[in-house]
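Down below are the structures I want you to see.
Paired with chain B in one complex and with chain C in the other, chain A is shared by the two complexes that follow.
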Partner chain A sequence: MKWRPNNKILYPLIPALLFLLFVLYSLVMSFVESVRGPDGWTFEYYRSLFEEKRLYASISYSFFVTFISVSLSLLIGWGIVRSCHSFIEKSVGKWMVWIPMLFPHFVWGYFVLLLLGQSGIVSSALFQLGWLESREDFPILVQDRSGFGIIITYLWKEIPFVLLMLLPVYAQLPKQYGEVIQVLGGSRRHVFSTIEWPWVKPVLVEVLLILTVFIFTAYEVPALLGSSYPQMTAVLAYDWFYGISWDERSYAFALLFLIALVMGLLSLVSFILLNRKRWLISKSQHQR
Partner chain B sequence: MKKSLFYSLSAIFFLLPGVLLMLKSVTPVWKWGEAFSFTFTLRGWETFLMDDRIFHALFLSILIALAATFINLAIGMISGKALSHQNFKGKSLIETLLLLPLFLPVMAAALGLHITMIRLGLANTWFGVVLVHLVPTVPYTIKVMKAGYDRLGGGMLEQAQMLGAKPLYIFRTVELPLLMPSIRSAVFLTVTISMSQYVLTAVIGGGSVITLPIIYYPFLQSVDDTVMAAFSTAFALLPIIAVGAVEIVSKLIRANGLVLNRGVK
Partner chain C sequence: MEVMKYMKKKLILFSSLVVLSGCAAGSSQPSSNEDVKDQSWDSIKEKAEGETVSLYMWGGDDGINQYIDDWVKPQLLDAYGVRLERIPLDTNEILQKLETEKRAGQDDGTIDMIWMNGENFKRAKESDLLFGPFVEQLPNYNAYYDADSLDFKYDFGTETEGYEAPWGKVQFVFHYDSAKISEPPATLEELQQWTEDNPGKFTYPAAGDFTGDAFLRHVLYGTTSAETLFTEPFSMELADKESAGVWSYLKDIEPNLWRKGDTYPSSLTELDRLYSQGEVWMTMGYNEARGEVLVKDGVFPESTKSFVLEEPGSIGNTHFLSIPYNSPNKEAALTAIDLLLSPEAQLAKLEPDYWGENTPIDVSKLEEEDRQAFEAVDRGDTVLDQESLMDAFVPEIDAEYVPWLQEKWIDEVASQ
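Showing the complex of A and B:
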């Protein structure tokens, strides 16, 4: 067996594997907590969880907010990188992109509230200019039921994130292949499909997954900018976790465990699909 | 044309908010409908810095962020090096699995750990909070450090070894100086992410570990915009200070008179 001689290589991986075990353990425990009833194991909580009206409202609302925020930040971010990457690297532009990254999400949420709230800076400025009769004329943009404030905050924070994740990819794009294709008479579409897309796709998928799970289950921004109904999943789970009844505590575990399960499987599948092609690329990349 | 469009848009959307928050922290409260006043005042910062709760929270947040950063760098450098310089079966699987925590809801991890933390006596302690802050940060650090070791390559380390340098000396003279860009990014990311955690800290800290994010929410209801703006600006300054601190520490660890510093960035 090859296992023995390889043992030495495994030692440096022990801390990382311990960390993985720690995360895995936490997920197993949230499953255990979701099936532990007063008299033994039960899936009763899952059954009654799916009878909760709040759950469906929360899931569809979170899905809507997540879908809009993720797709817009990816599209806009990718678009900016595609057209501007040649001069953003090594310029003041890159420093400006870092600024929103410095602030926590809830601070950015507060900033959106300060700016776009009904008694915010924009509303006040419009009144001073005589474009508004009163405070109530300004539309309710934050702490609204449609989730506009939450989406704006996420877009504002995530577009820079997308930029910073994609810029290194575009900086490393093998441009000489593009010239080869052009010399051989290939079209721009060929350049895109043979060079750009295979390089960008893994990072795009990664960013897509990170943003989706983050926005779907983050507590900080909706707690600040959301309305009391419908609630994003994390706010609902938080309420349930600190709720009065034991049932609700179990709902919190069940809900988060289900999301973890779905997202975990989804990311594993997409990485297995990606990896088949990716290691061909990375193999040639390492042997420089 | 494209260039000026990009610059003006990022000035408006990225630079301006930061400037506006800073400006708001040194100007009086802007009452709705009244002309904006730009009279300079330090009241926001004074209130922020004089508040005992804030001072404690600031200290505790820095302690937690630095401890998390230290553990992150240790795990990230050890495993990043192995993942980059070694070849073994199942490597790409391990790499994928190590990224997986980023694709899972961190709140599930926090709630799942809660009871175990209570049993171990780590709930409501700052170290328990450090442990749970590792969940959203370690995958990034491993990724960043692995990329750093990829760029470094194995040749330089092998040469140092062949010339008879001890591992610690190699670390001080070759690895640390050449990995500084990656270390800087890892520290920056870890501190920023750690400073952004409300729900993880609230669940595991259980109301007795009061960090800056924990008091940010109640403050929003009780103080005015000038103080809030100062509070908000402080969040952005902390990661910058942390990177500066790490820079100084690494200067102290690094061996003097490096040949490597020339030519290689």
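Showing the complex of A and C:
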């Protein structure tokens, strides 16, 4: 009899658990593939992986693109929500935010390629208008080494995501607390640090994690808009996985497994730290 | 098309993980290799009828795809009652898929035929991924092909031993817009001079792309003595010693390439797009006739013509069809390959309407009527005459140079 309530909680969890099992299985398998050599178990692939110059170029490039994309998305998104969340909650603003959310990343990436390429829509239009002498005068914005095209695409896609994650937080901010602080003579900084920040921080960290993990390892946007060198990690892993040389397939597994490990640990630490915060917030909400 | 390709790549990456778990739906029991080998052609035909075969092949050329979809599919259904499914995929990816199936112990596979040659064949044969030998079971092969030809016996230096059937013969050519270029370069030095005179108007696909790799092999030919490439087997030391000229040539032309060589087109499709939009004035490809259908479809400008480099020449090779060891429909695959090798199919392939590609068939073995039909084909204005092609012809080099050139290209050229 005592089992009943437990089972009731468990049943709806089954799909999620099965899914997790799937993820766990692929993780274990990719690790196995990365240590399985022609003559048994070996860490040789990890050793030679770290001798690849391409790896370091790829990791630092991925880090650069991810850092810029994520921090700008967060700063701009947060700035917009703070300054005009009442507008975005209205229908026109909501639509403007929603439209980029409706398209998958690679469609948006292709759109950016067609829009900003040297023979793209913008350059052709400027050329037709006579503002450009030739289309080659148009600056190189996509498939460039600095990753500009990739970053533009991510900003365009991720700022709306940040907005949509932060909007409910601002809609629920307990404004009366602000009034209390002001009545008691607190400054705006006090309002920010005691009300706004504690509410916003967990969501910001969560979005930061999601975006970092996604951008660091996403394939389609850098594959469309990146240059031949350096490559972002997913593109490099793809090249290794599908290259002619079959040893390199194990590099791909090793690289992706390492990234999964690092990202997993990062998320775990953040969740542990945040959960304490979450708990405090929910407690204060109950007291309210 | 680009978009589809990327979507597909993503799907494959995911699905290969699924395949790893070995949960593919089993269909009818495949015949074991020995069963198929001992059968007469009649009983093969009988077993093939009503089956569906999958042909996995590179899908980056619309003319080729149309040939399969519009000509081969109805003919095969008509002749043998076999349905054909064309699955476009890069050849390395097909082999990776096959390798994954083998590791997962999936004896009832998903691929019935693969279009391949060179380094891919070498890998597949060495890893025991292929069914065979089977070519001597094919009536059309026995009747119309010269089984002693070195072109069929060796594929990039690897012995074929009947594990792949010759399907076509191609030579590497460059395409250029004759409205913009009056006199195309004829040697590697002239090409370098041309890039200096016309900065930004030439580039080649990145190594790793089939065509990009072939371009690199031309540079290797041009900067080393051809003698050593053939007489000595591949070794790292020899390759390192001989290849200094390749990298210095590629680095010398780099500043005058499209985008100053900061990036290279990731595929031939990408280079063709640049050419069709006029960003570059030349493109290239491992098929002397591929320009014809692209001009007809309006992708390439009307003024497109082709040229070969007289020095170091134009690499040509034979490409083949093979059957995976775990093909679920080996009999049907045999009938399909036999049809693809038939004089009718080869003639339709040679005509410029679809593919325009040269045939490996031994024309002297054909019936008089067929022979005349082959000789009467007008391959179109973008195709060089047979004599210029023959004069420039040079054979492929050891398959092991291919991955080696790719690796080195990243280190020596792309990352600089």
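Here is the rule we go by: the second predicted complex is superposed on the first by the 269 of 288 C-alpha atoms of A that agree within 3 Å, B and C clash if a C-alpha of one lies under 4 Å from a C-alpha of the other, contacts with A are read in each partner's own complex, and residues count from 1 in each chain.
Definition applied: a contact is a pair of C-beta atoms (placed from the backbone, for glycine too) under 8 Å apart; a residue touches a chain by one contact, two chains touch by 3 or more.
What you are looking at is a predicted structure, and each value in this text was computed from that prediction instead of being measured.
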| After superposition on the shared chain, which partner residues are touched by A:Tyr177: those of chain B (first), chain C (second), both, or neither? | neither
| task | Using the superposition described at the top, determine whether chain B or chain C touches more residues of chain A. | result | B
| Counting only touches as set out at the top, which of chain B and chain C does A:Ala57 meet: first, second, both, neither? | second
| message | Is A:Tyr229 touching anything from chain B or chain C once the two structures are fitted on A? First, second, both or neither. | response | second
| query | Is A:Tyr219 contacted by the first partner chain B, the second partner chain C, both or neither? | reply | both
| request: Name the contact category of A:Arg145: first (chain B only), second (chain C only), both, or neither. | output: second
| field | chain B versus chain C as contact partner of A:Trp131, first or second or both or neither | value | neither
| task | Would you sort A:Tyr110 into first (chain B), second (chain C), both or neither based on which partner it touches? | result | both
| After superposition on the shared chain, which partner residues are touched by A:Phe241: those of chain B (first), chain C (second), both, or neither? | both
| query | Looking at the overlay, does A:Phe43 come into contact with chain B only (first), chain C only (second), both, or neither? | reply | neither
| request: Would you tell me the residues on chain A in contact with chain B in one complex that are also in contact with chain C in the other? | output: 25-26, 29, 106-107, 110, 119, 135, 219-220, 223-224, 238, 241
| Mind pulling up the chain A residues that touch chain B in the complex? | 2, 6, 9-10, 12-13, 15-17, 19-20, 22-23, 25-31, 33, 80, 83-84, 87-88, 92-93, 96-97, 99-108, 110-111, 114-115, 119, 121, 123-125, 127-128, 135, 156, 160, 206, 209-210, 213, 216-217, 219-220, 223-224, 234, 237-238, 241, 252-253, 256-257, 259-260, 263-264, 266-268, 271-272, 275, 278-279, 286
| message | Residue numbers of chain B touching chain A in their complex, please. | response | 2-3, 6-7, 10-11, 13-15, 17-18, 20-21, 24, 30, 32-36, 74-75, 78-79, 81-83, 86, 88-89, 92, 94, 96-113, 115-116, 131, 134-135, 138, 142, 150, 192, 195-196, 198-199, 203, 213, 216-217, 220, 225, 228-229, 232, 235-236, 239-240
| chain A to chain C touching residues, read off their complex | 25-26, 29, 53-54, 57, 106-107, 110, 118-119, 135-136, 140, 143-145, 219-220, 223-224, 227-230, 238-239, 241-246, 249
| task | Show which residues of chain C lie in contact with chain A when the two form their complex. | result | 2-3, 6-7, 9-10, 13, 17, 20-21, 90, 92-93, 96, 99, 119-120, 123, 127, 200, 206, 208, 259, 262-264, 266, 274, 277-279, 402-403, 406-407, 410-411, 414-415
